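Residue numbering begins at 1 within each chain, and the chains themselves are lettered A, B, C and D in the order written.
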Amino acid sequence: MKKQLTLAPIRTAPGPWGEEDIRRMPTRGFQKMLGIVLDEVTKERITAHINIEDHHINSAGAVHGGVLISLADSLGAMGALQNLGPMHVTSTLESKTNFVRPCVSESISGECQPLHVGRRTSVWYTVVRNERGLICAHIWQTQIHSDPNS
Amino acid sequence: MKKQLTLAPIRTAPGPWGEEDIRRMPTRGFQKMLGIVLDEVTKERITAHINIEDHHINSAGAVHGGVLISLADSLGAMGALQNLGPMHVTSTLESKTNFVRPCVSESISGECQPLHVGRRTSVWYTVVRNERGLICAHIWQTQIHSDPNS
Amino acid sequence: MKKQLTLAPIRTAPGPWGEEDIRRMPTRGFQKMLGIVLDEVTKERITAHINIEDHHINSAGAVHGGVLISLADSLGAMGALQNLGPMHVTSTLESKTNFVRPCVSESISGECQPLHVGRRTSVWYTVVRNERGLICAHIWQTQIHSDPNS
Amino acid sequence: MKKQLTLAPIRTAPGPWGEEDIRRMPTRGFQKMLGIVLDEVTKERITAHINIEDHHINSAGAVHGGVLISLADSLGAMGALQNLGPMHVTSTLESKTNFVRPCVSESISGECQPLHVGRRTSVWYTVVRNERGLICAHIWQTQIHSDPNS
């Protein structure tokens, strides 16, 4: 028998999300499993951290690259959601990561800022650091903003 | 008190990994949390699937993009590990994703193949599909192969 | 005194371009300087070649990476232009290149095909080969399709 | 009869390039055809501009995206060349561009800085601006540093 998924969208109405909407995002689903803890939430800057546990580790004993990218992907979406036009929703169109240091750390932090906020797209840049503040990964992503009714 | 991580690397010796090494990778850590189930494992093709549960879901009710990228990142590493020179280890240098369809599905599958296998680097291409076989994401990644003693 | 640029757009009307429009593109501007010679032009496949001269060479004596990317960028745009909706124009949103072999060759060829053709975006994949048919670069690019009046 | 290419490499010896070597790069080949004029050249920052002429223009009447990427590709290589180890040479492994504004301008400028300088790789970030100083494109690229004799 098929498993019935129970997670509905947090919000389906178009238009910009407020801080309260954003802060509900890590309370469930994949963001909760990742253990994302939101720190700062503004339209121009979103920061968060994750306390690393065994279930974040890769086969080399470091934090799995997918954890770093997933953190960034989540923060970039939060950035775009806060900057939508009144009739728009957003989804991630593409993302790019450069890993510059193996991430062996008891916690990681992500800092996300916009490189571009346009009407139809926005571009977000997230730096992920280890507990010593050294950069482990640079992640850039493009969000498309579109009117679901057009 | 600090949490003591208990996950050691699956293998630290340089050189190419065999299928048995590879099949141990999803038994622990982040790959286990993702629920990666390996299907085919060869030097030229690695396939896997994930049965989607609530903890894979994003705030729009679809599979979180980070799940798709993390699956691909894992498969690309498996490809590189099987193709290393005798004194080499590998890590992911960079990756790029294009999302082409929202992923609402009870399972996803990933199929990973090499675009280039050189001595110092390899490039891997993973397609992630929904349960109907439709492509949700294209992911490309570069693995660097290096001698830890040089 | 400012130099007066004399190159107007080839076409400003929205909607899909036909083969005749496409074949005018390499007759002027940067595509002409690159020496792009179009071979096949269809909605699903565009191929072209460039005969390499001194002005394509980089400081290592190979074809400059920018020539390979510029060829791909041109072909991807040609692909998108042929697949536009009636009220749409297109521009390149982003592109990604992996170089896998130094390109020392008297000619290069590019072969471009779609990975995805949607209403709002399309994704194009170009392979650039040397005269022996060996792949030198893989290039992927996203085109945005938008209505200039909305 | 085959055209005989006459451009030898500017320098083949491994090891870091000095400013004088770098400033010879735009005097010939593709960099000359692009019209790259070097401004600042240091190990941590390279800036340049191009005066736009008809042969830089695309089919929409703007500067061709390939010109912007080619400028960045050139500057990133100049950055890596200055930061090589004594036995190393470099080549571009991959690059990524986000276009954020159509580039209609009588000149463009590029500013390139390192995001990471390691032993085996370096990552460079170039911003290309129009004559008003507005950003048209963000370009990131990875250079591999390798010993040709190992």
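To be clear about the criterion, a residue touches a chain if its C-beta (ideal position, glycine included) is under 8 Å from a C-beta of that chain, and two chains touch if they have at least 3 such contacts.
If you're wondering where the values come from, they're calculated on a predicted model, not measured in any experiment.
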Higher-contact pair (C-beta pairs counted), A-D versus B-D: A-D
Centroid distance [mean C-alpha coordinates] between chain B and chain A, Å: 20
Chain centre separation (chain B, chain D; CA means) in Å: 32
Residues of chain B touching at least two other chains: 93-94, 96, 98, 142
Contact graph of the chains (line, ring, star, complete, other): complete
Contact set on chain A toward chain B in their complex: 2-3, 5-12, 24-25, 28-34, 51-61, 64-67, 69-71, 73-74, 77, 91-99, 102, 106
Touching residues (chain side chain D, partner chain B) in the complex: 93-94, 96, 120-121, 142, 144, 146, 150
Parts of chain B lying in touch with chain C, wherever the complex brings them together: 96, 98, 100, 115-116, 118, 123, 135, 138, 140, 142
